[in-house]
Amino acid sequence: MVRVGILGATGYTALELIKLLLRHPEVEITTLTSRQTGHPPISSIHPQLTGRLDLPLENLEAMAAAERVDCLFSCLPHAASAEAIAPVVNGGTRVVDFSADYRLTDLETYETWYQTTHPDPTRIGKVVYGLPELFRKQIIGADLVANPGCYPTSAILAMAPLLQDGLVEPSDLIFDSKSGVSGAGRTPKLTTHFPECNEGVSAYGIGSHRHTPEIAQVLGQFIGREIGVVFSPHLIPMDRGILTTAYARPTRQTTPGELMSALRAFYETSPFVHVVDHLPSTKDCAGTNNCHITARMVGERVITVSCLDNLIKGASGAAVQNFNLMFGFDESTSL
Amino acid sequence: MVRVGILGATGYTALELIKLLLRHPEVEITTLTSRQTGHPPISSIHPQLTGRLDLPLENLEAMAAAERVDCLFSCLPHAASAEAIAPVVNGGTRVVDFSADYRLTDLETYETWYQTTHPDPTRIGKVVYGLPELFRKQIIGADLVANPGCYPTSAILAMAPLLQDGLVEPSDLIFDSKSGVSGAGRTPKLTTHFPECNEGVSAYGIGSHRHTPEIAQVLGQFIGREIGVVFSPHLIPMDRGILTTAYARPTRQTTPGELMSALRAFYETSPFVHVVDHLPSTKDCAGTNNCHITARMVGERVITVSCLDNLIKGASGAAVQNFNLMFGFDESTSL
Amino acid sequence: MVRVGILGATGYTALELIKLLLRHPEVEITTLTSRQTGHPPISSIHPQLTGRLDLPLENLEAMAAAERVDCLFSCLPHAASAEAIAPVVNGGTRVVDFSADYRLTDLETYETWYQTTHPDPTRIGKVVYGLPELFRKQIIGADLVANPGCYPTSAILAMAPLLQDGLVEPSDLIFDSKSGVSGAGRTPKLTTHFPECNEGVSAYGIGSHRHTPEIAQVLGQFIGREIGVVFSPHLIPMDRGILTTAYARPTRQTTPGELMSALRAFYETSPFVHVVDHLPSTKDCAGTNNCHITARMVGERVITVSCLDNLIKGASGAAVQNFNLMFGFDESTSL
Amino acid sequence: MVRVGILGATGYTALELIKLLLRHPEVEITTLTSRQTGHPPISSIHPQLTGRLDLPLENLEAMAAAERVDCLFSCLPHAASAEAIAPVVNGGTRVVDFSADYRLTDLETYETWYQTTHPDPTRIGKVVYGLPELFRKQIIGADLVANPGCYPTSAILAMAPLLQDGLVEPSDLIFDSKSGVSGAGRTPKLTTHFPECNEGVSAYGIGSHRHTPEIAQVLGQFIGREIGVVFSPHLIPMDRGILTTAYARPTRQTTPGELMSALRAFYETSPFVHVVDHLPSTKDCAGTNNCHITARMVGERVITVSCLDNLIKGASGAAVQNFNLMFGFDESTSL
């Protein structure tokens, strides 16, 4: 049994992570931390776990938590996460980091977009990006994995195969994404107050959302060319799910069939990405680690539609998938 | 033209009030107050009002606001409301109070349920309860009206006619109410955070909700007998609407037809209460000042179902209805 | 491995059943039937199953399906279900029946409420009601189990312990239930058309819903006394979940603590029913086989609030729980 | 008083139209038609109208309806609409047509996209497109107006000013639209069944939606150049609202300020289009005839975000706005 701990266990991604790990035959959850005081049981925060996990939330330093576990999942905010886990990794405990701290490989890009000083700059650029469909080999056996952002996962999975096959121009990619509200976290805000966001759709962070450089970097490094990304996230009145509609320019005359073949070939051995003929709904992937993708040609535009559950394939499912690869389990275990 | 002002204009009831008053041919809104500083335009808080009302939010004392208006609507919280409007009423300006401050006629009951000292105790018990369907005569020409609570309106309108006609026992009334989330106000809280309350139903405040004594008192005073009330509110994942299912015990053998006749007779001259044969939905009343009611007999139980829009008939529509009666306009103007 | 088949596999309960069974280490799903022609893959109806179950929907008679399996789950409508499974059971194949056909133990009651002739009248009254928390011993090893209705499960679990302990009057029980829309099935109707039922709450079937006699019968047989039931279901704009607020009259002076103790003692050995101190939300049980219950005293009324996922504990989770007991597996396997 | 009638009065746009016309001081609704038999009152279909409009639904031919009115609004489906209203217009009664029949000015385009023979081909190309913000002069006094599609309104209003000022390339416009479910009409279908579309986002009709040629034609005729349009509609789990995120390529170096100035100048005299600095939500326009628009520059892309209520500014509000212009009333009356 692999003993695991979770830093920052009160959020939505932690809840999903716990639910997935409870089904994992080789995992024992031993430690949960939060800033809560008084050792409340996790089920007092997440009643979903009543009768399923009987552990207290401990106000524990990362190093103290690490001493009890073989693998630590960090659900802390950026900067706080790297600060907590850098010594843990140094000490030899494996870590899956949900934050953005080790995703960007360029320190300046990180510090510009996140407006903070990186607490562990020397490790920047040396950590594998935990998207198994693109970087499976590097994840196997890794000590530290940067778990991808939810929007980037939906964007990258749709376009990476078409870019790799040279079917679309790298310089002109538009990602129009629609996300459920759980992506905004568990802290109450006016924008996520029910009567404000229910029965409404809005765009936010156009041109300024921090997932923009992440998408550009990962796709760029994957094909070795510079990528031009426009990214527009939208808030949708539903709990969970991301659907990304991407617009690209073909490099040459192509057909829908060729696009679909490229996608199918690329994901032939990936258990969770399914290339479908119909236009998928986020609901098709809700509660699963799946990503459904399709492609269309409209006039002179290539359009892809990809969807996933932002809390599973966009966060905790991907984390368990990475964990499985890191520890030598079957990639699909408990997923 | 009647010049009106609104105290506490940033909430949801104030927004609905403004929208109704903008349609009123005899009203000019001149003053809006809030604790906001810097005189922001109301449309910066409520973008719905863009191009429709060009007024700033002023950080103004009630008395200063009163000097500019003929009628003041107070959307302040309880206690703060009475404190603000007592001198205004003393000074001769008419007021519609949305808070609970003047609804309860017994000081001790108020102070027990609201856990506060009443700022204007001498006026307690002398203010008309602004439910025109029961107290129209007293509202006409009144200087101060206590606008009813949203839940009590749905509860009282369904049961008052049956109690008055002696068809149901006053001692054993159960009101099971279901409300949209706007009823909880505009301040973000965990319970009204979208991913917490979307896709879920919960009860709250069973046995402790402050509308309990209000229902009991108003029904009791209306028929001159003591009322036994059990009141269970529930939070429903929708913006607006209240549906109350009420359970009563018949005093004697009766029929559904007799119940419906009693309701129809009672509301014959009330323009906003409609007795319907089918089981109504809150959606039938959304955006209107209507209340739809029906009655059923099941075994030895009388059941009524009543619904309304909590922000209109349950708050701002009722306020305008009261305003119309206070100022001698047709009761339905702008509604 | 137990080979299982599902009759009527296109509905929502069948989808949940498949998802649960796919996790079951001792089950192989071999057969799915529906009236669809052309052997479409199940994933074309339920895209959620893409890459998870690769089986066609066969237009197969129940007997033909039974030949391939050790256990058959029937998700057919009432009457059609008994007609299909009676010969199957006669032939020695075990069956879990989701329909109401074998729940009611009195033929006349069945035929009155369901307005149909029962296709298998001789078996009526001899089939165990599949609520393990009340009838675990009878379910173990059974050949045919009548899987309970979703509303009755929420109603019965809350009141059975209090009735058994003589704490509440059996003659005067009111169940006010709130259900998500998936309970209405997968066939499009005006009442479940999104713009009709979204943003609205309505009551339906007050006094005429077919779960009324089921609740009365099961509770009555459990305590050996006649039960008086008023049951009011409501449709809530959410996918899944049932919350039942029940009102009963205490038989003697009691306390909330005594009520809670009775509930806790009753469910001490039941893994899925949790007695909680707070007022629970359906969301706490969504996606799980759990039922959360609490009790309150208000004035002279006992109130219980119980919630569950109508598709899991209210249908498919209960079915798997029954299946586990019938076949000798741990009751919680895959749940 | 202008006497008006509505053909096809049972749908959602007709309901909104009735609600708006009931507030119009110069209008009397005299006639409602539908295929319903038995003259049911309109309130039996739309309970929202209980106590507000006491008219039966008549199974009446358009010509018979026209004899009673000065203006007819047709909410019939395409083809059926032109067939019904062609003789009405010939007979001298004014008509606002909600269908697409007279929007497209090229017969072949109409017959290709709508897969039907046009019942009134000679009038094609001679009917004004009822978007007052672009074609106010031609609408004033018109006898027949083609009321615009909901998606085209949101798309055209955002891009027309930028195209007119030569700020964006006409050949490469992408419109990514998100719509509430009421846009799909009132007929129950699996795709709009609550448990299918709630808690999910999906794209539909990419490259094949019939509003594509409408957008291209209207913008093209407005600036006298050919337009290249990619249009991707998405279904959002909410009742009403459309938000369109549009992507265009600037013709030259420009700034956000210049874009906003172009928009502001264009709509200076239009009472319902508001250019806002923030990223708007559909909720800001819900229940109003407003359209909120903003613009951004991201890298080398111009992005506009526009939103409106699909049933009001996207349908019935626009129809009343057109009616006002046709009959010489103030454009904003009752809106």
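Which chain is which? They are A, B, C and D, in the order written, and residues in each are numbered from 1.
One rule holds for everything that comes next: a residue touches a chain if its C-beta (ideal position, glycine included) is under 8 Å from a C-beta of that chain, and two chains touch if they have at least 3 such contacts.
Predicted model, so just to flag it, every value in this text is computed and none were measured.
Touching both chain A and chain D: give me those chains, sorted by label.
B, C
Which chain has its C-alpha centre farthest away from the C-alpha centre of chain A?
B
Could you state the distance in Å from the CA-based centre of chain C to that of chain D?
Those two chain centres are 46 Å apart.
Could you grab the centroid distance between chain A and chain C? Build each centroid from C-alpha atoms only and quote it in angstrom.
Averaging C-alpha atoms per chain gives centres 36 Å apart.
Could you check chain A for residues that touch two or more other chains and list them?
Touching at least two other chains: 180, 196-199, 237-240, 280-281, 283-284, 286.
Chain adjacency by touch: line, ring, star, complete or other shape?
Per interface graph, the chains form a complete graph.
Spell out the residues on chain B that touch chain A in their complex, using ranges where they run on.
Listed in rising order, the residues of chain B that touch chain A are 12, 180-182, 186-190, 192-199, 237-240.
How about chain D: which of its residues touch chain A in the complex?
Chain D reaches chain A through residues 174, 176, 178, 180, 196-204, 206-207, 228-230, 232, 234, 236-241, 243, 245, 247, 279-284, 286, 296-301, 303, 305, 307.
Taking the touch rule as given, give the residues of chain A at its contact with chain C in the complex, in rising order.
The touching residues are 23, 47-48, 50-52, 199, 271-272, 274, 276, 278, 280-281, 283-288, 290, 292.
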